[in-house]
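Shared between the two complexes below is chain A, which pairs with chain B and chain C, respectively.
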Partner chain A sequence: MSASTARTPLRWVALAAWLAPLLAFAVGPVVLLLARGLGAAGAMEGLATEVGALVNTLVVSTGAAALALALGAPLALLLFRTDLPWRRVYAALFTLPSAIPAFIWGMGWLSLASPRAGYLNRLLGEGTLDIHGPVGIAFVEGLSGLPLVLLAGGAALRRVDPALEEAARVCGASPARALLTTTLPLALPSLLSGAVMVFLMTASSFGVPYLLGVSASPPTRVLTTRIYELVLRADEGLGRASALALVLLLLTPVALLGTWALGRAGRVRLSAGKGLGSRPFALGRAQAWASGAVGLCCAVFVLLPLAALLLTSLQRGFGARLAWEELTLAHWSGVLWEPRTLRATGLSLLLATGAGALVCALGLAAALLQRAFRRLGAGVEALAVWPYAVPGTVLALALLLAFSRDWRFILVERVAFVLALAHTPWLLLVAYAGKYLALGTRNGAEALAQLDPSLAEAARVSGAGPARAFRDATLPLLRPALLAAFVLTFLACATEITMSVLLVPAGSEVLGKLLFDLQSYADPAAAAVLACAFVALVVAGQVVLALLGRRAAEAR
Partner chain B sequence: MPFPALVRGAALALALAALASCRIESATPSSDVAAAHEGAPSGEVWVYTSMYQHVLDALEPLLKARLPGVTVRWYQAGSEKVASRLEAERAAGAVRADILAASDPFFVEKLARAGDFLPYASPHVLRAPRSLVDLDARFAAIRVSTMVLVHREDSAPPPTSFAALVDGSWKGRVAIGDPLTSGTAFTWAVFCHARHGDACFTGLRERGAIVAGGNAAVLQKVESGEADAGVLLLENALTARARGSRVQVVWPTDGAVTIPGPVALFKSTPNPVAAKAVVDVLLSPEGQRLIVEKGDMNAVDPRLDGPRGGPGVEALLERAQPWTPALLEQGLTRGGALKEAFSRAFSR
Partner chain C sequence: MASISLEGLSKSYGATPVVRGLSLEVREGEFVSLLGPSGCGKTTTLRMLAGLEHPDAGVIRIGGEMVAGPGLRVPPEKRGLGMVFQSYAVWPHRTVEENVAYPLSLRRLPRSEVAARVQEALRWVRLEGLATREPHALSGGQLQRVALARALVAGPRVLLLDEPLSNLDAALREELRAELAALRARLGTTMVFVTHDQGEALALSDRIAVLNRGVIEQVAPPEALYHEPATPFVAGFVGGANVLAGHVGGGAFHTPGGTRFALPPETRGGDGPATLVVRPEDVELGGDGTPLPLSARLFLGHAAEYRFPVDGTLLRAVGPRVEARAGQTLHVRFRKARLFSQL
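Take a look at the complex of A and B:
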């Protein structure tokens, strides 16, 4: 420790150097936005549409959370506690929805259940299903949030002490009763906190509500789509948009408080678990039924929308007659090699790589700072993780307002440093890196916590300097975690829509914005091609992650 | 573990990168370089426009040939985005644009009244119909877009007038643009409201009209059969037909709605000579022909035919509902109330 006390001032320099960009590019803009929103909230009139948007947001988000819970709880039980055949495959398939942007699921359901042109409606009769409107939005968001509930429930079910269930059995309860009266109540807090996350995700999502809400009759406007409209309406819109952003931002701490309370309740009771593998519950004769139900769910909720996307991408135009000779690959060759797509892909990949690298570097720095400052460490972590909880629309709006004009830093009244971020892709990079910093910080901190300091100490004893010891001993061991953070950030940024739509400068294009434009303005068939390519990219990324995970497990 | 110097290094490098990304300028206000541009037009001209990118691509070689010394830079985006960027720059007191070539007559009128424009009458403008030119020469139209009715070839009998959509004499579902986000849809809504009052919006709502985002979304709804008919820009329909789409254009009997696309010079331009030369090229017969042929829009030069052999600008204006000062006033000052009325009617 004597070495680090000698280094104390340098430690503070490092903290300042880490804090400066974070304060300037994430905290500052949001605080400015809040101040502006508070100022505008007082002078607002004609609030009727805004109240409607708030009510819609709450209704849709609650609906999505309820759906995810209703589907996720039984699925978690079936997939993680029973001897259901193929349960690993199902678990992998059911986690797919959260890896693919919700907007793509929305597109799939739109081509399935548009009132007239949707495939299902052409089979079942015109107007049977209508995906437009609040119910449709809640449905799509609920399905795409399903993995949050499922994985939270699965983790909790594995932690439950099997002794409790055995005790219930000894007291004479049937296996099913034991499961429902002991295990389920213990896993419930985790399931509920997963549902709260679905609520938050839905409240802050933009793509799906826009896609399914604008053309509904009556049009369904939620807070995020309303903010988008107001930003477009330059004049008096921005003040109002800031006020709405304030409301949206307030939903986050409330919901997070709920998660925290639920999570704490769950953790206290589960702490007895020793991690003993509990025996899977034998389904017996119900196995066929359960298997059929899960398979049907999987086919309808996961595979069907993706198949619909593929079909749409092969059609001459959406709504064309369904026949073999009407299918064409023209869109595939047309869209994928169009200069616009290539440019958008190039910029997106560049931005995603940059954001991934920034997230890894800043995240690792945050993790190290957290260690160096024992008590302040929690503050550092909170600062790094906090933007993740801010809705994308709010963060983008904050950056848009803060950097709408050039910032001039004048030096000795002679030289001015002009930071001109407005209408440049740099603003996107800032937004991506800020939003997903949490991924780097969490992964870095967790990997660092598992690391034995004796390795670095051994390197120091052998005569390496602190930097050398870090590079040779610590960094190689952190690599899998950092790589995972990089891939996650990369995938999230390459397909980001919510922030891109607001921040992308005219004249350049990113994949998320291109997908949004093609789907909402141009050609759904062309958009479907891009969406299929997205899905392929995400699946490939997930495979890489899975391989990484396996290699890390082997290395241990 | 000792605190690694690496973090310090990385953080410092980041800070340096941030500084390096800044542009370096002299902090003392520069004396005006603008006065230098006399004689042959040269230098840089920024044009903010909502014209389609493929039209700009076609105009580029013409501008290069006519004005070899001038570099034209485009900021191309939807008319709402152009307006919002200009508003932001005006608020910051630094408008970078030299020329505005928008498609939102209300926004241009607003800026003209605020005294932002440099009066300039291009010699080419003398032929254009009077209604498309500002008499104080603050702006002049370079193109005219038209809102018409479209339907799918194989659909039931299409509506023949805009009034039929509102009063219920035509049964079927129509797709219209969203006046809250699309400038052209807003202009159409102003005309509709002027003629039918609030009944325009409630009538549309009762007949089950679908509100789509922008013009392309309307086209998409009509093409896919989701809607029976649509209110759409003529140029979008013509371009779609050229692409092989099966949409048909119907000229409404109660008059199409024209949307002039004005061009204007900003008073703050540091390079008025070159900016005026660019406006001249846009209004020249060659520039106008490109707008017709590539953009499928009407030129303001009456000697040219309309897009795809359609009516020229004078015949078009006879077929269309006239722009009146009252209409302009309505859209300019009561736009917010109109949007409010629209939202109210459709949220029922």
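Take a look at the complex of A and C:
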């Protein structure tokens, strides 16, 4: 079937049509930003403050990665290789930290452990814990990245051939020793690559360092928050911000190279086939201890911050006495029915829907192009996935700079159009769709790779033209994957904070920006209400995804 | 129903030629098998016939009308064919009925006629009761029947079958083979059948085309192919014959390693370099034959197979049980042999 479309120039037209928006709205702006950053880096004075931001970024990100690995590796073993009771429930609960924006976890921990009014400090004595500063940032980011390590490790543990472990048993190793000496070393590269992802996620995150770093005394500045401050200062700061963005952007390829090397080392030794369902390791008498430890982790790291947010949203004022009569629903009705919230919700849902549709369409196109151009296809995928690895702060800054003035295109004589994106919500749509294009591409390409090409060929031989065969035989089978990509993109965009903060035009509002503003400047209780609403939205979305996944598995 | 004509078909993938100047005529209503080992170009030939691949050179005619040739390329949907794929290719998002109705729905027939013809096609493949089932609730054999009904429902000019039985277990394969033969007798559709299984080809075909490395070695009815193989490859592939290289002289065959076999007097062929072809059942043990060390004896149930190393290959004999152990020397004689002079 590829042969029938392979030679026609049509595929080149399609490639051009797909590349044009990607180059104009993602690659181009970032390249412009890099050029500007290179120019500015030479003429920069007072570098000391900026070096501090870089050091902080590295320290915080390394700390977060280490925490995620230290917690994630034993958890992965316990949840995916033992007979721990309720392991499925735990596995589901432990995916929440990545599904809910890190900023919300930061808010939760701020309610728990801010030095004076935090709930934990009120129990333990004022000032016992302080979530502000580098340690707090690394702690919150590490917890929020925990699922990346956990899921990478779980996937690897399932792929390790159980025969390897059985061979160790036959050689005389005890069950625990066999697990620790054969399976764990084989899963280690995957666990480490998950930790590298946590490092990258932390380095490019903006909300938590802003929340816990900037207002601390002394303030902890990282690259992203420093860029934000410089952008707010406008003109004279933009050059310097570009230089910092350049540094931040360089962290990505270095870390990705590390992941790639680790992934390759890991893949060589893992069986390629599906999980062979090795027998879960019986915990025996240790079961009670393990159960208690995992339950405590889950309660403290996942449920407690969310409970704290809920409590904050119900209290008359943050820091008020903890008593029944101090609880009120006033914030809920106040925030949810406020015109400002409604407007932000409307715009956010509109943008998230638009971005979801764009991501599905462009992602499907990328997957098809990947197949039509065998060797060039890898390039297409790389290009589509790449913006996902660009930190949101950098992407937003690049778009801001590239479209700060209007672009005038003269098509034919006297027929011109002006691309005026600056200070419009369209720029947000561009940023969202660009950033999350990877979700559509990955989902589309994976689903397409699993499809037997004969399904479309059978439709062709039955009498359907190429377009009809695609519509009747291929598209319906890709639908679950595309729908999943849509839901993922929708959730990510509706709760996006980093890019929204920089790109929302004056006079309009989206949910992420509203949450950020309420938390930073106005009213922690109101922010907590909004955060609870976010959590509800994310949980609902996850349920939809789980249902979609089950349906896709049934259809296969 | 239509005749097919392939003239000088060639196809390469990159630098690898897959089909090399292949020509074949299939008469109206004929059942022709393309038989050969994997990689011989049989599936590629079928896909070119279907229009799923385009030949680099050559002409394809269906019912006298050119469908592929220099500057001409009729797409698969315009060729009026039916095809059964090796992987079944039954659409998992449609019920059995919807799968079978698809080719008709593209032809905009009235709904009542579609329903009647779907019912009829399902009756042909004995799936009347499963019309509303989802494909994931069907077995492999049932899926293959759905694929067959879908390929036949619109009354195709030619039915193409790409190893339709190879994904089934032995008993089911036997059953479907019989049904395919019955269907063919009933519908009389021209059929082209791709297989690597010589038993299937011999049992079903009017004629068999044996392919090797992209060229046809021989086209003949099954019996002629079996008894009169035109090349050592056909003899080896279709009859499982022993094929030995060497030379003929003084009424005997000599291998390069120096083993001498007496040839039966009626063997045709002159002296000189030649390839010797002997069926295992034509190799006799005992008497005054060539002494050879037995390397293994395999029990086959109705008979036994004996293996002798000759010049690095194995000479196989199939015959009645003889008391013998590996390492023992037995005498080997040919009842019937065939010589191909080497070019």
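Heads up, the rule we're going with is that the second predicted complex is superposed on the first by the 541 of 556 C-alpha atoms of A that agree within 3 Å, B and C clash if a C-alpha of one lies under 4 Å from a C-alpha of the other, contacts with A are read in each partner's own complex, and residues count from 1 in each chain.
The rule is short, and it goes like this: a contact is a pair of C-beta atoms (placed from the backbone, for glycine too) under 8 Å apart; a residue touches a chain by one contact, two chains touch by 3 or more.
None of these values were measured; they are calculated from a predicted model.
Mind checking chain B and chain C on superposed chain A, clash or fit?
fit
Between chain B (first) and chain C (second), which does A:214 come into contact with in this model arrangement: first, second, both, or neither?
Once the two structures are laid over each other on A, A:214 reaches chain B alone.
Any idea whether chain B or chain C touches more of chain A?
Greater contact footprint in residues on chain A: B.
What is the value, to the nearest 10 degrees, of the angle subtended at the Cα centroid of chain A by the Cα centroids of chain B and chain C?
In the superposed model, the angle at chain A is 150 degrees.
Is A:125 touching the first partner chain B, the second partner chain C, both, or neither of them?
In the superposed model, A:125 contacts neither chain B nor chain C.
Between chain B (first) and chain C (second), which, if any, makes contact with A:9: first, second, both or neither?
Neither partner.
So, does A:404 touch the first partner chain B, the second partner chain C, both, or neither?
In the superposition, A:404 contacts chain B only.
Between chain B and chain C, whom does A:460 touch in the aligned arrangement: first, second, both, or neither?
Once the two structures are laid over each other on A, A:460 reaches both partners.
With the two structures laid over each other on chain A, which partner does A:452 touch: chain B (first), chain C (second), both, or neither?
Touch status of A:452: second partner only.
Please indicate which partner A:477 is in contact with in the superposed arrangement: first for chain B, second for chain C, both, or neither.
The answer is second: A:477 touches chain C but not chain B.
Once both complexes sit on top of each other, what is the least C-alpha distance from chain B to chain C, rounded to whole angstrom?
Nearest C-alpha pair, chain B versus chain C: 8 Å apart.
Identify the residues of chain A that lie in both the chain B contact region and the chain C contact region.
Touching chain B in the first complex and chain C in the second, residues 3-4, 457, 460, 465-466, 469 of chain A appear in both lists.
Would you tell me which residues of chain B are touching chain A in their complex?
1-12, 14-15, 18-19, 21-28, 74-77, 80-81, 83-88, 92, 94, 178, 180-181, 205, 208-217, 220-221, 223-226, 245, 336, 340, 343-344, 346-348
Which residues of chain A touch chain B in their complex?
Residue list for chain A touching chain B: 3-4, 7, 10-11, 13-14, 17-18, 20-21, 46, 48-49, 52, 114-117, 210, 214-215, 217-219, 229, 231-236, 317-319, 361-362, 364-365, 368-369, 371-372, 404-405, 408-411, 413-420, 422-423, 426, 453, 456-457, 460, 465-467, 469-471, 474, 506-507, 520-524.
For chain A, which residues are in contact with chain C within the complex?
The touching residues are 1, 3-4, 452, 454-455, 457-466, 468-469, 472-473, 476-477, 554-556.
Within their complex, state which residues of chain C touch chain A.
Touching chain A from chain C are residues 50-54, 75-77, 79-83, 85-87, 89, 91-93, 102-103, 106-107, 136, 147, 150-151, 154, 160.
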